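Before anything else, here is the set of structures, which you'll find just below.
In what comes next, chain A is part of two complexes: it sits with chain B in the first one and with chain C in the second one.
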Partner chain A sequence: MIVRKNHLQRWIPYLFVAPAFLLIMGVVAYPILNVMVRSFHIQEEDRYGLDHYYTLFTSKIALNNLYYTSYIVIITVLLSIVLAYALALYLRFTQSWASRLIGALYLLPRFIPGLVAVNAMITVIRDSGLLNRIALAFGYDIKPGLMFNEKGIILMNLWFNVPFATMLLMAALSNIPQSLIDSARDVGAGRIKLFVHMILPLTLKDVMIAATFIFMSNIGSFTTPYLMDSSSPQMLGISLFTQFSNMNYEYAAALSVLMFFLCSLSAAVYIYTNMRDKQWEK
Partner chain B sequence: MRLIRVLLWTLGESDTLESLLSQTMLTWQREIASCAGLAAELSKEERRLRMFSFKGFYYALGRRKVIEFIIFSVFVLFFYLPLLNLIMLAFSNKYEAPALFPQEWGFKWWDYVLGQKNLMSSIILSFVIAIVTTLLSMCICLPAAYALARFEFPGRKLLFLSFLLSDAFPKMGLYVAIGIIFYKLNLIGTLPGVLLIHVLNSLMFMTWIPANAFRSVHRQQEEAARDAGAGPFRTFLHVTFPLALPGIIVAALFTFLGSLEEAQGTMLVGFPQFKTMPIEMYGIIMQYATTAGPVFSLILMIPTIIVLLLFRRYLSAENMANGFKIK
Partner chain C sequence: MRTKIKWMLTVLLVASLMLLAACGGQEEGGQGESNKKVTLWAGGSDNVREMFEKQIGYFNANNPDGYEVELQFITSGTGTQNLIDRIIAAKKAGETSTDFDLIELDATSVLQYLAEGGEDLFVPIDTSKVPNMSDLQFEATYRSDLVVPYRGTTVVLAYNSETVPEPPKTAEDMYQWIKDHPGRFAYNTPGSGGAGSSFVVTSVYNDLAAEALTSSDEKWTAEWDPGFKFLEELHPYLYQSGGRVVYPNKNQGSIDLLANKEVDMIPAWADMIISQKREGVIPDSIEIAQIAPSFTGSTVALGIPAFGSNSEGAHAFINYMLTPEAQNIALDSMAAIPVIEFSKLDPELADIISGLEIEEFRINSIGGLGTKLNERWDEEIGTLE
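After this line comes the complex of A and B, so read on.
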């Protein structure tokens, strides 16, 4: 397309982007900057320093919370991706009543309000919940033991994130042309070879995207641990809430920045995969 | 049909649990057997005997079908059992500890919930806010999405990425920081304040999904319209916009549903004045988890399910996945 580049035209895209961009700057970037500045402020002595960050990385409780959260999030990301990949492969390459029905049903959990879903899950998995009652009906008294520890949280995270990751991976898998797969089969590629050498590399970018978003949304998760977890160790989202409620604003700010940093790390991975792909496409 | 009849029958005269369980099991097995086309070959008794053991089940249906059945069962049990249990709880008047099914079914909690006088006003408020949020967000973000999709300019990628910012920072920290700023600006407890919070949550989807949708409209189609004499505005309105519409609808749905269930930010910025549906209900859901809570949960879910059903043909994995990618 031949575009005559005069001054006005050069500014049009910026003009179009301006309202949304200004909003992001005003309601997101500026508050974040404020939080960052406040996180260095030491209220009692009215000076600026790294004290809050020092506490975050040395206090046993804070470190435990950090480990605990990382552990839950990493397990969640890995399990979600593996399960979602398996489900997406099944949905993509199987034509049957089961796959069609699952294909129609798998997206709903993504849209159920968080609190509703967590409460629904609690009525099933708590020690006097549905699972226990079903077991009792068969004459066994099985206590699932999934509440107030990380198992229930991971289970709940899977409930939210497997459908999400399946959705991303389904989109990626359906972008692989069937002819490509057929031709690979024709030259003798078995299932495993097909997967390792073709399907996996072609969807790796989407795996990274899914992992990034699952990571980011779970680092600061609040509703699930708030309703399901015990009081110690705490996930970072809960810890943040406690600090805010106790009016430790500066310390909470430092904690927010730490969580932001963790998210940025995963976002960096995401950006790297996206950009590298772009260069390869060009 | 058969399943429904069995359910009705058991509800009517279920004396023991076993009868219910065995009856449902039998029905399932019959369904599966007829699926496999075995119904004709086997007599009733034979089928019953065969299907009762796992081995018999396995050989009668074949490995593939059995695996499929297991996958499907696990899927339904994990994702839908909690929701189904919620429905059961919502329609039970009396439900005491060891029993699997309620002792008494009924609408007791519905009467209680629907009798709350703030309920209707909070639902209406939520819908008004959600609709205004969606329109506002479209007005702000669609031009940006179009520019990001159609123009190549320095800083495009960076601008694209800036919309990720609100997702990368912990929401609570962000809301508190916004709350402090809003307090200085006297926006606490005002409609603009609440709307800003809701729009903020939609910025990423509202730019990324439509931008990717605009980008996948072929330039040649736009050029053809231009060649036929349409101006840039007309081209957009009659060619680009309709072709990108599925993406825009998905983004609008995400925004609408997100706004309907937003509670944290609304609580912080607009609490006493703006009691939206989730704020009104969250307290009760947490307090009365097994009595009035399920009823509220269902009421909260109804709009979501209606919207999803109405627009299900737009909600392809493809369209939604666009909300998480930079093209």
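After this line comes the complex of A and C, so read on.
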């Protein structure tokens, strides 16, 4: 009787996990494997080889797309983190009506659907947009030149990612007990010392986590570049779409694997950061 | 530990079997229904979906035989390819009595359907069940024995009449206008929408033999070079932003540039411009014009796959689509070019398209070459500095 109950208790958790596990296997793991196999397939000659990957790393267009995407993503990550960190510090350490107002509002962009936000941004920054029209009212024909190039995309990415990163960093900063900060101040630590030797190290893990999340969500971004970018160079997500529409399914598969690999790199950083934390806890 | 793994594996196995069983069970649904249900498969932009929903609402409430049409809509992008793939796959799998009762297709793609799915892919249209076919003014481009056109569609030149009092009348005039007015013309990337694609196709094909435009023979690719050279020559005269030439994405992308007066002229789908003007989303000063030789257009048709399960109902719906009521609805909701005599239409609605002369469409059916053309454009023109 007791044994049976033990058995039951043992497998019930797996039963609960099984549907989710199977679903993940079916809709994530299987397609990934499928795409990986397909990326080596050379349709025209019906054989397997590295040709598509060779093209990805030698063709001028493909390389340009890769550099262009990396450039946008890295700038986005750096700017988002710097801006979000500054905002989080301000919100954590300043008590005023302004900081309370910003604290209540900063997450608002997260609740505006992406497509709406992108179109709103376009309406403002395009060469005939709000900025231009306001300038015209004062007699200047200022064309911001932010559309159809990386500047507009980066601006848009900041809109999406700064609130998100601020949220993560705010949580990290709130976890630093005020008493700790006060005692450091008492023994004579100045603002800069406090920041460099205490606040930054204590939140570095969260900075890394925020950075990996921003990296991953932007490396395959589609909506923003599709609506705001020009035809060349293309971000990887758009390039993937183009290849797919042109029915180069195998080449598109290789491109997907490359994007998957880039995301895995950042996932590895994420996991590593988390593991290290566990060691500190010991 | 070992028992743990055993248990885990057992559970996984059982659960996966259950999942498989559940999936298998679903296949059998569908069939037992009464033969009053007709499933219509269509794709494209959202205005096509809205139009069909209105048509179906009217048809279901008014047809004497009590047929119930249901819409399965695939939004454009890579989706349209999906419908072809699904139909071909169903045919190859030897399926029968599927719910592919009726499909909407670009009249030029019939040949592609037949080439991949075989000559017996469609049920020949039984004209005795579609009496309204006698009112039809257009032939389906190909195989009017298998598909029936229900609306026309064409790319035109859209321009801002405030800045362009006299629009070009010929393609040559248009090209000259582009060169005389640097930065005031834009066309969207051909892969992202039919208007830009029509501009590219006609620019490349205008100097080729007329039959080239209706051939998917690979040999024509050899004659593309002068056309691409010409597109390259046009490149510096096109719309610029941030100091470089820009090709917007999607048909709507170039319409937005025109509506915001960043350019004065674009190629655009006639129905998009007309409907958006009626809705007041683009200024009244935007007008359309046709040039000679014209941009490309075609008819959109309905066909009945041989493995559907309600050919009677499908015929009835096709017959309905050719009535003045249905043509009025299509005209009103998406400025679709009617396929029956204009005098049979509501005169107020007919006014909407009075500016269009559509004696005949210039058909583009280069099939798979279209993809190759887009690819070459992406590589050679899209990447120009």
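The rule is short, and it goes like this: the second predicted complex is superposed on the first by the 269 of 282 C-alpha atoms of A that agree within 3 Å, B and C clash if a C-alpha of one lies under 4 Å from a C-alpha of the other, contacts with A are read in each partner's own complex, and residues count from 1 in each chain.
By our rule, a residue touches a chain if its C-beta (ideal position, glycine included) is under 8 Å from a C-beta of that chain, and two chains touch if they have at least 3 such contacts.
Because the structure is a prediction, the values reported are computed rather than measured.
Of the two partner chains placed around the shared chain by superposition, neither chain B nor chain C is touched by A:L63.
Of the two partner chains, chain B and chain C are each touched by A:F21. Judged by the touch definition given at the top, the superposed model places A:A268 against neither chain B nor chain C. In the superposed model, A:M247 lies in contact with chain C only, and not with chain B. Of the two partner chains, chain B and chain C are each touched by A:S128.
In the superposition on chain A, A:N149 contacts chain C only, with no contact to chain B.
Look at A:S230: by the touch rule set out above, it reaches chain C but stays clear of chain B.
Of the residues of chain A, those at positions 10, 14-15, 18-19, 21, 128, 227, 241, 244 touch chain B in one of the two structures and chain C in the other. Across the interface of their complex, chain C is touched by residues 7, 10-11, 14-15, 18-19, 21-22, 26, 61, 64, 126-129, 143, 145-149, 151, 226-227, 229-233, 241-242, 244-247 of chain A.
Only residues 3-4, 7-8, 10-12, 15-16, 19, 77-78, 81, 189, 191, 241-244, 246-249, 253, 260-262, 371, 374-375, 378-379, 382-384 of chain C touch chain A when the two sit together in their complex. Taken in their complex, chain A has these residues touching chain B: 1, 10, 12-21, 23-24, 27-32, 34-35, 87, 90, 94, 96-99, 101-102, 105-109, 111-117, 119-124, 128, 130, 133-134, 136-137, 158-159, 163, 166-168, 170-172, 174-175, 206, 209-210, 213, 216-217, 219-220, 222, 227, 236-237, 240-241, 244, 249, 252-253, 255-256, 259-260, 263-264, 267, 271, 274-275.
Against chain A, in their complex, chain B makes its touches with residues 17, 21, 35, 68-69, 71-72, 75-76, 78-83, 85-86, 89, 97-100, 139-141, 143-144, 146-148, 150-151, 153, 156-157, 159, 161-174, 176-178, 180-181, 196-197, 199-200, 203, 207, 219, 223, 257, 261, 263-264, 278, 282, 285-286, 289-290, 293-294, 297, 300-301, 304-305, 308, 315-318, 320-321, 324-326.
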